[in-house]
Amino acid sequence: MIQLIGVTKTYPNGVGALYDINLHVGKEEFMFIVGPSGAGKTTLLRMLYKEESPTMGEVIVDRVKVNNLTAEQVPYLRRNIGVVFQDYKLLPKRTVYENVAFALQVTGTPHFQVRRRVMQALELVALLRKANSFPDELSGGEKQRTCIARAIVNNPPILLADEPTGSLDPTTSWDIIQLLDKINKRNTTVLVATHNKSIVDGMKKRVVALEGGRMIRDQQLGAYSGERLSNA
Amino acid sequence: MLSTLTFFISESFISLRRNGLMTMVAVGTITVSLCIFGFFLLSIINMSNIVSNLGTKVDLVAYASQPLTDTEAENVRLQISRIDGVKEAKWISKDKAWKDFKEEFSDRLKLEEIVDSNPLPDTFFVKMLNPELSAKVSKEIARISLIEEVGFNPNLVDKIETLVEAFRIGGLMLVFLLSLATLLIVVNTIRLTVLARETEIVIMRLVGATRSFIRWPFIIEGIILGMLGSGISIVIIKFTYEAIIVRLQNALPFVTLFTNHFWIGCVYFLVAIVGVLLGMLGGYISVNKQLKEEN
Amino acid sequence: MLSTLTFFISESFISLRRNGLMTMVAVGTITVSLCIFGFFLLSIINMSNIVSNLGTKVDLVAYASQPLTDTEAENVRLQISRIDGVKEAKWISKDKAWKDFKEEFSDRLKLEEIVDSNPLPDTFFVKMLNPELSAKVSKEIARISLIEEVGFNPNLVDKIETLVEAFRIGGLMLVFLLSLATLLIVVNTIRLTVLARETEIVIMRLVGATRSFIRWPFIIEGIILGMLGSGISIVIIKFTYEAIIVRLQNALPFVTLFTNHFWIGCVYFLVAIVGVLLGMLGGYISVNKQLKEEN
Amino acid sequence: MIQLIGVTKTYPNGVGALYDINLHVGKEEFMFIVGPSGAGKTTLLRMLYKEESPTMGEVIVDRVKVNNLTAEQVPYLRRNIGVVFQDYKLLPKRTVYENVAFALQVTGTPHFQVRRRVMQALELVALLRKANSFPDELSGGEKQRTCIARAIVNNPPILLADEPTGSLDPTTSWDIIQLLDKINKRNTTVLVATHNKSIVDGMKKRVVALEGGRMIRDQQLGAYSGERLSNA
């Protein structure tokens, strides 16, 4: 489903964020990306929906070479990838409902379906009460859950979640991860970049670890830190 | 298709309302620009109107070679008016001409003391359709029997006519430049509103919106802004202009201000068209600029 | 104190540079507005200039009661010029007047055929300092011996003078309104740039900046924007005006365009002042509005 | 140092965020505020530096009634309170260095001191390398650390940290909390709103728990969840 071949990324200001990443993620996989702050997790995810392009190497998503996509084709790639952004990226002048609905409206979903599916998604993240609030009127965790609802609302075949539990309490975090797992079971590829040790350790899924832009570990049934796994 | 259009339009209205202050500022700027534009148009029209009225309406003057009877005069008048390029000809009888002349120069000339008989000939004032044909027409008039001499209009009037012409050309140029300036201001205003919503556009792109999906609401917003702006400025122009007319007509009764409803309607129409077009163009140019910057 | 000022100024420059596109757009708008303003000022000056030149420079005309010798004429001329409110008096001898008259009306009047002797009196053209005193002065002139009659200037010139007056008043009003419009546009433009930086202002407040600490860099930014805008527009106005003068002088040689360097300098100065003041005021008004909204 | 008396907050849109909160925090205390997403943690902190005013009740900071402060006095209150905002609130057009320096410049600190102290603060959060980057060019964790550096740079007597480790890996998180603890030992009152269970449990400090806007627990040497403490 997702393939990175020798991907290297240097940002325009000269900062090297990724070096020679080779990675293959299958159609039904659930994978964690871990690593210290600044390791390149977000950068790696950005390549997949072409927010950034690799300086070198090839990114292939669903058999399409992402590098070759024109500006006109990119929106169609993005509609197949739900993204939970680390900084939420909610439309500031739109309510929670409208923010989630937007992801459906861009695909031309009929009006009556939009309402039903948005409400469903908001219910999954327990935000029905806040449907008519603007992002400014939400707590940090509520913003994050809005972003999660938007990412899953149109059942994309790929779901990328960048630190999806950073502003959530442990109980809610666990609920959200269970939700992602359920979505994964419905044939969705799920990639989660996270710092949440207890979740990574608890899920026992594939773990890829980055450090300083290099891939230092790729384990099935992995845990947050490599050492601890060997201990266990 | 229709539902998409409705969606875009409702999107535009929502965004205009939620960006309330920005909308007001933009409409304000557009209104001011269009007011300047409209007043300028009206001024140009009026000034060239006033300046043309300053000169007499006469392009050519023909003098009879001998005193004419009424029938002869009417005959000559008809002959003149039938010449190609002549708009109308008017007969001023010898007696009337002498009376007018004496009236006009009574304080300067002591003619009556010396001249008993009327020294002026019967006179025909000729108004041209197309002043450029004057030379040709004057030759033709001279060929009519009973006409002795044909003169052009006096020097001052000549100057004024040239001036009016210059006024018209200069005015047109100025209107053109001013339209350009208004366009610039409106585009800049809308560009600033789009710039302020850069984040919004970036996010829309990231969740899979195509360019045209983003573009349309902005263009419609531009059109609505333009419509609001031109609507308000037409109301302002209308009331101000009418107030000015009343006042000026009293102060300067001899100056005829432009009150032809059709043409004033045209000015309003032009302001409206320019406003809407500018809004649309402004919306298009600025959102496009923003969209071009990525990729 | 000085270091704070330096800090504010460097802050302003940094922010202008980092908000590059927005700065350019704002300067563009200000430039366009000031160009309209400057051209308008120059047009008003020139038009009232042209219109005054259309009329003769004469306010009153005095006719002698009998033919005068050179000494007598000079004597009368001096007497007239000494009257309060008179700017200058000019003597046109009987002979010169007759020659001029015949030249002007040669095609209309067959005077020579009937009149042998010169029917015109010696004439004095009087220019007033203050046209409103005309009635009083005309009575005083009439009291001078050798003067028979005093007349006002001909009708057309009269009309033109009133028109020039109307032009001046209307022009001043328009300049005032246009300044207001320019102010509005500039304030709106700067307000939009401040609006776009709302987040920035809110954050500054949250980390303990006082209002004046936030305000000053914005005001200085406004001044810099105004200076840039007026500088560019002065350059544009200068070159365009000079190009127009050359062309127009060729096309309409009898129209004297305004080329007095001092007054044109004044126009440029005014544009500069207006630009800087507008920028400052714009910066102040808009950031203040933003700061007022909290609390 | 900090006192809340009967504080109730209802936001203008009618959402009740806090109900009758009574709280006293001493000069040298280190306190955690915990509670699920939307419990009112951020709202409580906002009262202290007057980003929001209580609908009812009294807030007293350093013997000053915050409610009575005029708009002209508020900046001086805020200079005594370092805040790590949940959403960072970095100035977008300024570099990391400039963002941190700004907190000193508003107080009129001389130029030569600014440089030294900013560098020191950036070193503490391990961001010297990024001093000249703009916020857009930072990873989530780097933004958060910039915000922490800005909050501590002028040694405020009170430090509020709202979810300061939400975007940080466990190791960095722990380092940051140790830093806050060190700052607390230098006579600074520290309040930390967080979801990070392992940190709260590990520090053994005072814990105040909110739920649905009500204070449901206030324990010295507390842990993240009350039940677990009783187990321990």
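A, B, C and D label the chains in the order they appear, each numbered from 1.
Here, contacts are C-beta pairs under 8 Å (C-beta built on N, C-alpha and C of every residue); 3 or more make two chains touch, one makes a residue touch a chain.
The shown structure was predicted, so the numbers you read here are calculated from the model rather than taken from an experiment.
Enquirer: Can you name the chains that touch subunit B as well as subunit D?
Expert: Joint contacts, listed by label: A, C.
Enquirer: With centres defined by CA atoms only, which chain is the most remote from subunit A?
Expert: Following the centroid criterion, the farthest chain would be C.
Enquirer: Could you grab the centroid distance between subunit A and subunit B? Build each centroid from C-alpha atoms only and quote it in angstrom.
Expert: Whole-Å distance between the two chain centres: 62.
Enquirer: Averaging only over C-alpha atoms, locate the centres of subunit B and subunit C and give their separation in whole Å.
Expert: So the centre of subunit B lies 23 Å away from the centre of subunit C.
Enquirer: Using mean C-alpha positions as chain centres, tell me how far subunit A is from subunit C in Å, no decimals.
Expert: Each chain reduced to its C-alpha mean, subunit A and subunit C end up 66 Å apart.
Enquirer: If you average the Cα atoms of subunit C and of subunit D to get two centres, how far apart are those centres in Å?
Expert: Once rounded, the distance between the two centres reads 62 Å.
Enquirer: Which positions in subunit A touch two or more other chains at once?
Expert: none
Enquirer: Give the residues of subunit C touching no fewer than two other chains, as numbers and ranges.
Expert: none
Enquirer: Name the graph shape formed by the protein chains and their touching pairs; answer line, ring, star, complete or other.
Expert: ring
Enquirer: Throw together a list of every chain pair that touches.
Expert: Listed by label, chains in contact pair as A-B, A-D, B-C, C-D.
Enquirer: For a test of understanding, state which residues of subunit C touch subunit B in their complex under the given definition.
Expert: Per the stated touch rule, the residues are 21-22, 25-26, 28-29, 32-33, 35-36, 39, 43, 47, 50, 54, 61, 63, 104, 107-111, 113-115, 117, 119-121, 123, 149, 151, 154-156, 159-160, 162-163, 166, 174, 178, 181, 184-185, 188-189, 191-193, 195-196, 248, 251-252, 254-255.
Enquirer: Spell out the part of subunit C that touches subunit D in their complex, as residue ranges.
Expert: 3-4, 7, 15, 18-19, 199-200, 203-211, 213, 294-295
Enquirer: Which residues of subunit A touch subunit D once you look at their complex with the stated criterion?
Expert: 11, 13, 15, 34-38, 41-42, 86-87, 133, 137, 139-142, 144-145, 162-163, 166-173, 195, 197-198, 224
Enquirer: In the complex, go through subunit D and note every residue touching subunit C.
Expert: 49, 51, 71-72, 74-76, 78-79, 83, 85, 89-94, 102-103, 105-108, 111, 150
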